[in-house]
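Structure provided below as structure tokens; questions to follow.
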Amino acid sequence: MADALLRLHDVSLAFKGITALNRLSFDVERGEICALIGPNGAGKSSLLNVINGVYRANTGDIVFDGVRFERIHPLKAADLGIGRTFQHNALFGRLTVIENVLAGLARHGRANFLENIFRLGRDRAERRSFTTRAHRIIAFLELDPHIETVVSTLPYGLQKRVDLARALVADPKLLLLDEPMAGMNQDEKAEMSHFVSDVNEKLGTTVVLIEHDVGIVMDLADHVVVLDYGRKVGDGTPDEVRNNPDVIAAYLGTVH
Amino acid sequence: MNFFLETLVSGLSAGVMYSLVAIGFVLIYKASGVFNFAQGSMLLFASLTFVTLVEKGAPFGVALGTTALVMILGAILIERLVLRPLVNRDALTLFMATLGLSFVIEGLAQLLMGSDVHMLDLGIDDLPVSVGGLMISQFDLFASGAALALVAVLSIVFNKTRMGISLRAVADDTLAAQSIGIRLPAIWRIVWSVAGIVALAAGLIWGARQGVQYSLSLVTLKALPVLIIGGFSSIAGAIVGGLLVGATESLADIYIGPLVQGSVSTWFAYILAVVFLLVRPAGLFGDRAIERV
Amino acid sequence: MPSLSVPTIILAGALGLVALTGSQPASAQEHKGEQLYPLFTYRTGPYAPSFIPFGAGNRDYLRYINEVEGGVDGVKIFIQECETGYTIERGIECYERYKNGYDGALTAAIYPHSSGLDVALTDKARIDKIPIVSPGGGQNIATDGRVFPYQYPLIFDYWSEAQIVVDYIAHQVGGTDKLKGVKIATLYHDSGYGRDTIEPLDILSKKFGFEDIQIPVPHPGEQQQAQWQQIRQAGADWVFLRGWGVMTPVAIKTAARVGFPVNHIIGDIWSGSEDDARPAGGVAKGYLAVSVFPPGTDYDILKKLKETIIDTGKSDLKDDTKFGTVYYNYGVIEAITFVEALRTGHRKFGNHPLTAAEGQWALENLAIDDQRIAALGAKGLISPLQTSIANHKGETIAAKIIQWDGTRWDTLTDWIKADTTLFADVIRAKAAAYAQEKGLVLRTASN
Amino acid sequence: MTVASQIADTPVRGVQRRAGLIGRPLVLITIGLVVAFVAIPLVATDYWLSSIIIPTIVMGLAGLGLNLLMGYAGLVSLGAAAFMSIGAFATYNLLLRLPVLPLPVVLVLAGLIAAAAGILFGLPSLRIKGFYLGASTLGAQFFFEWLFTNFKWFSNGSQSLTISAPRLAFLGWDLSAATGRYLLVAAVTALLILLAYAIVHSRVGREWMAIRDQDTAAAVIGIRIGRRKLLAYAISSFFCGIAGALWAFGYLGTADAHAFDLDKSFQVLFIVLIGGTATLFGSFFGAAFIVLTPILLDRIVLATSLTASADQGALANLQRIIFGVIIILLLIKEPDGLSSLLRRGLSGVRRRDTASRAPLG
């Protein structure tokens, strides 16, 4: 464990007595793509929500980029450089693609509201640099043709990509992707998985993603963590996990 | 001390009257998620219809029955013409629609039955009797009794009848209720009818106190803080909230009013409600989770 | 339900605009030679019950003048209604619509029929030079016509009312010297109107030594238990009830609940109509009120109205039992002030419709003395009214005390005159302060 | 680069895309300014200015203020009139007590005072959301009406508790006549529309809309939700405060606290919903509707000479009923408000053949 960007230690989470996460520990190395897999209800989304502060863990702590915390506010998580996408559509539906992506830069804004409104001081430079950054990401994810489209009118697959762009534009150190390929057909999945690996390779972003399609996961991920009923049942390279009997019993054998 | 107690008791009896109005709101909010601003107008319309019938010579029972029928008819029309076309729209739009509805109802009331101020005599003297050394109005006792009876009847209807169970199902989870075959429009018609009849009861009691006239519709404003404090969706909350608002208002007017050389009860209940909102956002008895940040 | 398509809306809007502009007849002169009376109504909303008989009295008297007397000195009055719903905005629209006359008929004065509107029109009227007349409901400081050339708060004000009430109580207790130690509670509607009597009663209590208790009731006043317990607790002997709308019957009922004698409650002029007392039921029997617009039908002019308007089916009243009620008579009295102002103007300017400038002069030179009142057949209905530049309210301010007998009002006293000198300086000082705040130059007889 | 040309160069984005309707913004803005500041003052009569145009503009401005809060930031206020009253009373007292201040400075200060109150009554938005949030602003509604009635200081001891503009002048121009008041109202409104445009098209506006559409996601990507919400209350109240001052002095001339009662708050709410949420100009259509409809109904009655025969009271009540019915119909048939209706109507006229545009969220 030379260079862990994210280190979870003994993390538990319970809702009204139901255990969602049970004393979970694992590391995510800098620069890798880590996939979380497991059956529905295994606690994958809850885990992402704990990492970026939407939920508070009952026990345990998290070390991110050398900063240790037990609970974190979503804003603080964003400031530390944790970006994420959402399982269900969480785009700003009535805004355009570019506006959604620009909104993703919120945490980089230093200008105060008066500067923003009257286009004074720091806002001038910010507007320019934000627009450049947004355009760059949009180009990177090949969203250019839709740049001025209201996102709620886009097809589902593109919306997912906008979500990715919105998270990515802020240059996160860690990108949490909650089922970025759910509900997509094979072509769309291949396209998305190509984008994710591009992000990882070209931008160097560490990625933690949740995905059900084991085939894709095994191709894409450097590291796979398998959850079942809030417990970790497997942790290793795709090959290691593929051959882990516990994993086969808990997950691979039952679902597909 | 006696003065304090009597102020308290009179505040509580005022609170009962507020509760009566608030119950109508709660019923409709529970079943259709509509904050029905027209409840006050319905109250006015019901009591005006009743008193007009009585003045035209109808016996008490006939007038009561006819008015109830009119209110049911009104509920059916409202469901068909206003609620159904607005299904699935946001709470604010529905609220605004009931505001428009209140113009229609108030206009109709004055158009059909004139603007005169009517006296309404229910045959109960509004004179005090001594109860344990405290002077309490017979009429207040009657009003409290009526409120209790109303609540008892409503809770039997909602807990014991099939319709009541359907209603609660709708209130709990509209989609699930629809999926098991409960027809929403029917539920709405029933609930608005019941709310109309509750409005009639409240209208008679308020009308006997202050005369049947346009300003009856203003009692809505008194019911708002009651609802916030009690929770929009709980009948028990409406009762307790009403009592709380009635009592604190009276006490505040007596004990805080002189400090600021004026009456404070127009806003006191609202500020109390805001405090409640911050401390207990769901209200005292609100059973549906309030959207919290 | 009709479908609201784009074309229908556009069409409706266009038609509306045409109607709007089309009904501003710049050139039409169908009513040339007539005097416009813009009748500001509020036939809808909470205050409609008081307006409906009032408006009928207004219209009936003017109809009588037009049809029986052949107009005012031959000049016909042209009535145009405008519904304000008792809101200021609608009232301003009505004012703007009729301030320059309508269809050839001239505007001499505007009666806004709302104290709030009267205040709101103050600045506009000053610019437009249109007299605003509010008998019984004007601004007291506007008595000073040097500061307020276009406001006419004719006939009455609440300061004088307070005086008259204290005077009546003094009579009951055996003279002003016996007022010392008497406790007079004022239960007031918590608004500008209600608070208006705090100051004069304070002055009067210092002068006569009675105890002045002020208790507010928040609008609309449907709950007053706490206030009446306070009154009982304080041991008040008399209650001056300055109510408004529903506050009055609730006050009377609540008084009965706490055991306060109803014949020691004296209602304000806006607490003294049939609609104020009747809803309170039997416990209102014996309730007193100040009356500037005495109810009853036993006046010559009312008899004439009965004969020529009511009995011929020409009345605006739908319910004839309202004939001779407080608000009906108020409407008649107000119409009398308008007609008398026109007559005054005709004497100076000739028998033709008056302009606003002529109307202003006429209102400032009103002189309705006892002789004229007798000629009008209004003896007992109105008290003498004489205005001047310095006094836009009238020299003598008087009211009667009336008592509710369970079904109607009985007149208990003759006119009780207020001592107008008592507060004159205070009011004048307030007017002067206003003039200074607004940077106004005082008007004198010469300018 | 001037602000106007900047705006002209900025492509119209966001929710109120009017491509096709406004092809050349600069031209339209110029036409608008010429109409507003040259044509209307020359053509319109006192009647039109004083009883239709001025109230429409001022209520539209109040609607714009509330729209920033409701349409853009997705928050609720049922007490817009309370903030209007603060603006009105603040303006009066500032003009009266600090006579050195020129009118524009006073208006801005009054707006800032209203903004402070807005922040105070917006605090519950940090804990609750949705319709319940209305309760707090409703509290403001009743509290300020009481405050300005109860303490004579606010109306400088006026007997009728009313305030009236001590001096309505700017750079020596007397603005108290109808045209002067119109020019004041129109100029202030034009500037504030510009400000609203700048806000909506800045990071602030974008983040409001983000919070409105998806508050959880907004928090996760790092938007300061609490601060933005309070800012929305502040800015909305700033607009409402200035609108209140204009209502009191540009329109009514004289006002008391009851000129800003609950009915007025509801009117502003109507204006936003009927005009169309999240639009800058929709509120002005909504205001025109609210101001004109009762007058039109009255005029139609007058024009059809029903007055002579029919029962006046019945007609007045009928008007009220029709007004209520129109409101309900509009809510049912035009969920996006009059502005979308107008947009559709105009684009229909201009480009009848084009396929239906992408629906607006």
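Labels for the chains are A, B, C and D, by order of writing; each one numbers its residues from 1.
Here is the rule we go by: a contact is a pair of C-beta atoms (placed from the backbone, for glycine too) under 8 Å apart; a residue touches a chain by one contact, two chains touch by 3 or more.
Just so it is clear, the structure is predicted and the values come from calculations on it, not from any experiment.
Listed here as common contacts of chain A and chain D: no chain. A simple rule picks the central chain: find each chain's mean C-alpha point, then take the one closest to the mean of all protein C-alpha atoms, which gives D. For chain A, the chain whose average C-alpha position is most distant is C. Between the Cα centres of chain A and chain C there is a gap of 73 Å. With each centre defined as the average position of its C-alpha atoms, the distance from chain B to chain D rounds to 32 Å. Centre-to-centre spacing of chain A and chain B amounts to 50 Å, using the average Cα coordinate of each chain. In whole angstrom, the spacing between the mean C-alpha positions of chain C and chain D is 35. Shown for chain C are the residues that touch two or more other chains, namely 1, 43-44, 48, 52, 190, 318. Shared interface positions of chain A, i.e. residues touching 2 or more other chains, are not present. Across the assembly, chain D contributes residues 149-150, 313, 317, 319-320 that each touch 2 or more other chains. All chain pairs that count as touching, in label order, are A-D, B-C, B-D, C-D.
Contact residues on chain D toward chain A in their complex (touch as defined above): 6, 11, 13-15, 17, 195, 198-199, 202-204, 206-207, 209-210, 212-214, 216-224, 231, 278, 358-361. Contact residues of chain D toward chain C in the complex are 45-47, 50-52, 55, 96, 149-150, 156-162, 164-167, 176-177, 251-256, 258-259, 263, 291-292, 294-296, 298-300, 302-303, 307, 311-313, 316-317, 319-320, 329-330, 333-334, 341, 344-345, 348.
Put simply, chain B touches chain C in their complex at residues 3, 6-7, 10-11, 13-14, 17, 81, 85, 107, 110, 114-121, 126-128, 135, 137, 139, 206, 209-215, 218-219, 222, 246, 249-251, 253-254, 257, 262-266.
Listing the residues of chain C that touch chain D in their complex gives 1, 3-4, 6, 9-10, 16, 19-20, 22-24, 41, 43-44, 48, 52, 55, 81-83, 85, 87-90, 92-93, 95-97, 115-116, 119-124, 127, 139-141, 190-192, 195-196, 316, 318, 430, 433-434, 437-439. By the touch criterion stated above, chain D contacts chain B in their complex at residues 70, 76, 124-132, 135-136, 138-139, 141-143, 145-146, 149-150, 215, 225, 262, 266, 269-270, 273, 313-314, 317-321, 323-328, 331-332, 335.
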